[in-house]
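These are the structures, in structure tokens.
Shared between the two complexes below is chain A, which has chain B as its partner in the first and chain C in the second.
And then the complex of A and B:
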């Protein structure tokens, strides 16, 4: 099964056809969620200003809203709005100026979401039954955290160490299969499970992005599997609906359609909702579900993940968020590194061990400690993951053990052995000599104007990577909109 | 009519680039377009193999 493991929500949505968006936007909750999560501020402003306009407006009027120096931002916002099928821009023609308007479905649903009215029930139907008193916010948080940690532990435990949990615990079989299908872990030739690069990226993401990664995988797997009878579009809009529910309230399962009720068991497995044992007709969304559409940045790259882990140690603050740092909370000051590149870490945190395993070869694990060493190969592996030498060094110094600080203060030397620090940098230099960007090379333009216009367009929408005006070639990392642009130009001629 | 060709842009030192060109010269199955001193566009499916070959050269 070929599934792109690091798919973000934005990329997933971008690949959906226009008809899917039409269906999605029938639900006010979905519309609202997309508006809330997917749009940059400027795009939100455009949408809000156009929302109650009775007629399309000309693009020239829209230009007047934006200061000339923000043209690039404006173009990017418009390009996002178009790719999400939120606005419609008429084709350029000689008789009429270009006009822009919101898609009618989107407009109607967003109006409904903001001003209320209608009986679409898209924001859920609260259950009328008595809520058991033991189900309160802390209970739901504990429950969600436990479920999600199981998932993370499963991914981490494949780093080569048996997790302390037995075979029977951990996530449900379905979730495990999903992680394998998504290539977050894969089966090694010897039958054991191993974490993949995508899995590492996944681990270092913030919780919200992790949930989305998993959910999108799930959508994709079910989408490929027609026999499941689940419609990915409907599922997606159900997820957006969950995101708009209120934490700590019980909702009625009977108000859901049959397909959506069938989704509930999987959502329970992920820890997104809780269904009480003895009251099957109500469900509680957990914090994992209700925060789905909050938070602007969806995906964190592996290097940002390391940076975040470093920062959290520097401020030596335990993450108060639901799932900060693998749950157990990393303590600052647990890593000892010697001049002979040996590394010892006094930790039990699965996440910290996973982070160390990114750039060190760990070869021993004790109940309270892991030991390993840095080598050229291990650093090279880290660099392949996208981590820089400086990040490794700052991670090590942020997590340096007290004893390292004490010795350093006594002998008046830097905390980390300079030989190690230099060697890490040298290893990086040796490896980092090539930068690759996948995308499309545009060439064979018939004349200069053609080339210049297209190159400018791709620069404005932010996909241009390289250009050479002499040979009339440029390189862009996406091509869909450029293609449309070329087509519309051809028509206009 | 302009053409769009799928590929991977590689930006590197001139020295590395000349190694890439050299690797390509055997079968001409890596490079799509030689852009300039430090840039070359390579077929997407060949990047892994190319990286491996570069690794071998360096060791």
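And then the complex of A and C:
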């Protein structure tokens, strides 16, 4: 069983065949979630514009929508829309211009999601039973945080920094096995568990990405295990449905299919849903589930929007804390890094301190803050653990303090000091002088025009990594669309 | 080793996906809608607008929306609905009326499994508010022919401002210390879409334009879709705030106009070619009679506009006694100067406009 541990949701979806997408797009909630989560802003605008068009439109018309300087952005958007099987573009031919239209399934489902009709029950059937009064938003947040913290502690406690938690409070056995199967942690020869490089990547991601990583692992493990009788497509569609449920509302488990009911215990283990002990027929989605479709950084800005401002400071702190990244009482942005490599983190979370201790030398600890500095030795140590400079930098930028964002916005400078970012990379480069990109080399083109056209195409869709015009070779990190392009060129000739 | 090149800095910036807040101002003038009823009824229009609202919310779960009715005599929140005033109106320290995102009344209708919960909430809130509004409209109210547009615009701006403040900082002390930089992007991409069906009311010229300049200052775009009537001031509003003005020739296609022309928010507009209108009606209303004028008299001190010279040549706004000069007299023809024209020493080439700075624009 081989699993690629650092698989992102986009990569996972891209590998699915077109028929799978057809099935996924039958449910309005799934369509809605994919639209919201997977598309760049411009692509969303395109989809919305085409949604109520009765006929296909020509590609030339689409070109006319976009300013010339944004052509590259447009091509990338179109390429994503095609790879997710959202639009279909007719093959180029002499008699008819190329036309573009939304896939009929996708179009129908998204229209249904927006206008709210039909009888598909894809947005969850609410439970008609009385909701126990003790289950409110703070309770669900506490519950989800506890569960997720357990998972993270299990991963992190295998490195040098010993967590203060006892051994007994770890996650469920199934989750532990999943983490081992996903190679986030592995068994060392002496029987203990150790964190792997994939585990570090996992730790340094934002909470939302962490949840997805774990869920995708789970899908793959079950998908490979035919005896489980679960259909990964149906499961994925169920996860997207969970994302569109309302936080704090009880839903009816009896309205779910048998397969989906079987998924519930695992989802409880991850902390995505909560099932009350004495009322097994209802489930509550937690914040971990309902924010599955929010992309990357919006976790920080969402902060439940204006609602959070009107809520008491206490509860908004909690909701922020849950979303912030580590899952513990850690705030959304808490790390300040200065140009002199000093680092301050306003946190009490043992987990976040443990993560920081992986790559920084912490030398002071206060009730709500730790201070330390990045040094050549500390970064080298992190690299020996298997953490890359990119991971450290993205962790720092994901957790940068609000004040850093504010100063950056005022002075029009990057959020992290460029000197520090450069130096971290230089420290890594000291012993690692090459960077590998997996991909495909294209060469032996018949003529110059052939080469130039293909290379330009691959640059436009954003997969070109390197080119050398003299030897007529270029290197791209994906080949599917280039293949299609070459095929359609052949046909046109 | 290319990566250690000298010049290239690894810029790490947070991706820009700040939430986008859409405020919809719906003109609910009953007379205008009655006139439009054959092609598009108010109920149909609201359904179309709700689909547009849902489309906006679908972009991201950080996006927010507000719907405001500009009625004949007041402006009313449709969503988020004002809490029904019980015996005492709830007011917070600053005197603002507390608003709730309609979640308080969510327990009333059993939510459908076929609808995204947030969409259902907005729909029920908008429909119930507009029914209340129409029920409260009296016959006397109908004597008014125009709409309270300025009030609705101001409400929308307040909402955007409040949301921006709520998002920008939890700790106000720090943000107060930092100097406010006009070039820094606002934390919220605010946008107002006006669905207009009636003529602009000249008596509202000043409050409307005040709202427009406030919007321009806060980088809030005002978009307009004009279904009927002659909305002079809204054309200027869109022009001043870099918004889109659409004149709907066929009101029945409201949804298409909305989804096609007005769906891109300020971020998407950076890369899209937006619909433009070549003529902007720049006429203003005079301060003395409220007439819309092409040419008029302007007070040299306070820039008030009059359609005819005021009595005693005294400005009605600031009271300055103005010298009228001999306006309308036949211009005397001067003999051309013999001397060769010298190059202007400090050749700024700028026209004398009487004021040192131009109209403030962001």
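Please note the rule applied: the second predicted complex is superposed on the first by the 353 of 493 C-alpha atoms of A that agree within 3 Å, B and C clash if a C-alpha of one lies under 4 Å from a C-alpha of the other, contacts with A are read in each partner's own complex, and residues count from 1 in each chain.
Note that a residue touches a chain if its C-beta (ideal position, glycine included) is under 8 Å from a C-beta of that chain, and two chains touch if they have at least 3 such contacts.
What you see is a predicted model, and the numbers here were worked out from it, not measured in a lab.
Engineer: Output check: A:67 vs chain B and chain C. Expected answer is one of first, second, both, neither. What do you get?
Structural biologist: second
Engineer: Of chain B and chain C, which one contacts the greater number of residues in chain A?
Structural biologist: Answer, by number of touched residues of chain A: C.
Engineer: After lining up the shared chain so the two structures overlap, which partner does A:260 touch, if you call chain B first and chain C second: first, second, both or neither?
Structural biologist: neither
Engineer: Applying the document's definition of touch, where does A:107 land relative to chain B and chain C: first, second, both, or neither?
Structural biologist: It touches nothing on chain B or chain C.
Engineer: Once chain A of both complexes is superposed, is A:482 in touch with chain B (first), chain C (second), both, or neither?
Structural biologist: First partner only, chain B.
Engineer: Contact-wise, after the overlay, does A:412 reach chain B, chain C, both or neither (first, second, both, neither)?
Structural biologist: Once the two structures are laid over each other on A, A:412 reaches chain C alone.
Engineer: Once the structures are superposed on A, label A:467 by its partner contacts, choosing first (chain B), second (chain C), both or neither.
Structural biologist: It touches nothing on chain B or chain C.
Engineer: Once the shared chain is lined up, is A:401 touching chain B (first), chain C (second), both, or neither of them?
Structural biologist: So A:401 meets neither chain B nor chain C here.
Engineer: Which partner does A:435 contact after superposing on A: first (chain B), second (chain C), both, neither?
Structural biologist: In the superposition, A:435 touches chain B and chain C alike.
Engineer: Share the list of chain A residues that count as touching for chain B in one structure and for chain C in the other.
Structural biologist: Residues common to the chain A contacts of chain C and of chain B are 433, 435, listed in rising order.
Engineer: What residues on chain A touch chain C, complex-wise?
Structural biologist: 28-29, 32, 35-36, 41-42, 44-45, 48-49, 51-52, 64-67, 69-70, 73-74, 110, 112-126, 244-246, 249, 255, 291, 293-298, 301-303, 305-310, 313, 316, 393-394, 396-397, 400, 402-403, 405-410, 412, 414-416, 418, 421-422, 425-426, 429, 433, 435
Engineer: What does chain C use to touch chain A in their complex?
Structural biologist: The contact residues of chain C facing chain A are 1, 3-4, 9-15, 17-19, 51, 54-55, 58-62, 64, 98, 101, 110-120, 123, 162-163, 166-167, 169-170, 174-175, 178-179, 181, 183-185, 187, 255-256, 259-260, 263-264, 267-268, 270-273.
Engineer: Please output the residues of chain A touching chain B within their complex, sorted ascending.
Structural biologist: Against chain B, chain A makes touches at 430, 433-446, 450-451, 454, 465-466, 468, 471, 473, 475, 479, 482-483, 486.
Engineer: Show me the residue ranges of chain B that touch chain A in the complex, using the header's touch definition.
Structural biologist: Of all residues in chain B, those touching chain A are 1-13, 16, 32-33, 35-36, 39, 41, 44, 47, 51, 54, 58.
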